[in-house]
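Each of the two complexes below includes chain A, the first together with chain B, the second together with chain C.
Our next item is the complex of A and B:
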């Protein structure tokens, strides 16, 4: 009885921690590596961002911004496929739902989500392996429809932003 | 009479030295049970009574009753209480751990990239745009593939 309860307790604790720790550790591992561009926006910073008076943003995007609680970006153009494969092995992708997988012109794109309910996601993880390796993670309580609508509205702008992000 | 006294003295000496046999002790008791023996008679008479009374007490039964039926179940009950207490403690701990990771941002170790919220906003917009671009690319691929399949459907005779 005691052993069983102990096992349940340990399994629950490890299960909760393992995936969060895996992502956190992976980012932290390359944080000081000069070959990587690392971005981290904390929940505290997002609470400040949500208070900003943003004029050039539609309501849907503003709502989406309020739902986001954390952002991490990790990019490198050195040996990108090595890091892409390493990331795919590091994270237990079975814990995520695959939203989209694209393989085109030597680039692999994986968009993985972790749902908290039918309409909301608690994490969106984007992994890109091609000319560069990109790992992007949004945390929060995000309405999946808002991301979808945002994507539709950013069809042209998105490409421009993509170039900007790549240059940095 | 003198020989009896001599025998009694002899047995008494052996008795106090602790070297008498059971047979000799019985003999000593029978020789010393008379009233003329005074304190010695009362002593041996007393021993006789104690030994008679002790026969009536079921010492083994009492031990069994004490140890077998009373104390052991108490220990078992205590163990169960401890087991339940430990189980409750574990569940409460599990709840707090779960609650903590539900409400707390776990990525404490990382350093904040931006000090200005405006810059953080700009970066977030770029990140969202990047995700949107990748999603749209996936959609375009899907639509193109569906179109190809539709073309194939038209070619293949039904």
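Our next item is the complex of A and C:
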């Protein structure tokens, strides 16, 4: 029984690693492409900022910084639907739980998550296709109620949809 | 024994630098528009102190100024330094204990920040900026910045 549980755990963690690898490979593919805006913030940066005693930062934001293990943003306004469709095909979307899908005036927004428990998100993937392609990926152990905090101050198309999540 | 000490000294110098960056700033390879300067920590702090006398923003950076050490600045113009070379430079620094903190690309500009920490102290900072193949800038700083000092700088400037 123990062996079986161990095998299931290994298979599950291998699946997650493979998917994270797929995301980082996708980002790396466009890292040098001047048509794309690329942002990568490492887990070390989040860890450093979370340790700083910044007066203006509320407790909720500090907790969130401790929970996030990495952020990647990829955007382009050149042929956005092509990249949106490519991303949807590249990632095994079936491995994610769809948290929100919006189709409005030619814009597609997909918020996909992988949860480690009912209240915690291990990975969040936001894909936007319309007049701009946006791909945003968060890794960590993020409390689902704090997700809306992520959207605050984030000037990324589609991020405003994250604000609605904990209210639903 | 003397030879052993010299060899140890040479090897420690070699690993503290990026071999790729070293070769780019080698005298033979430097162009007329290229810049490579090393500024001692005391001179940097003194210069910033002078600037702070009539500059409010610089005055607020007092805590930060105290934590600054030796700086090395490299500006290379039209040397065709592409992303592969920049990646190799980063790899050299990562091998030397630096860690990737932030990468940002917008258009042709690519900014990278790497840090070397020792406990709760930031010991080294490397910022590289390359603009296509046209311009490459690297700023390497020795620092003695604790997390508390960094938070104080942020709080003072908020």
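Couple of notes before you dig in:
In the analysis below, the second predicted complex is superposed on the first by the 131 of 168 C-alpha atoms of A that agree within 3 Å, B and C clash if a C-alpha of one lies under 4 Å from a C-alpha of the other, contacts with A are read in each partner's own complex, and residues count from 1 in each chain.
By definition in this document, a residue touches a chain if its C-beta (ideal position, glycine included) is under 8 Å from a C-beta of that chain, and two chains touch if they have at least 3 such contacts.
Note that the structure is predicted; figures quoted are calculated from it, not measured.
Of the two partner chains, chain B is the only one touched by A:148; chain C is not. By the touch criterion defined above, A:40 reaches both chain B and chain C. Set side by side, chain B and chain C differ in how many residues of chain A they touch, and the one touching more is B.
By the document's definition of touching, both partners, chain B and chain C, reach A:48. Shared-chain residue A:63: touches no atom of chain B or chain C. In the superposition on chain A, the residues of chain A contacting both chain B and chain C are 31, 38-42, 44-45, 48, 51-52, 54. By the touch criterion given at the top, residues 83, 99-108, 110, 115, 117, 120, 132, 147-148, 150-151, 154-155, 158 of chain C touch chain A in their complex.
Per the touch definition, chain B reaches chain A in the complex via residues 83, 86-87, 90-91, 93-94, 97-98, 101, 105-107, 109-114, 117-118, 120-121, 123-139, 141. Those residues of chain A lying in contact with chain B across their complex are 1-2, 5-6, 8-9, 12-13, 16-17, 20-21, 23-24, 27-28, 31, 38-46, 48-49, 51-52, 54, 57, 61, 64-65, 68-73, 99-102, 104, 109, 111, 124, 126, 128, 134, 136, 138-139, 147-148, 150-155, 157-162, 164-165.
Looking at the complex, you find that chain A touches chain C at residues 31-32, 34, 36-42, 44-45, 48, 51-56.
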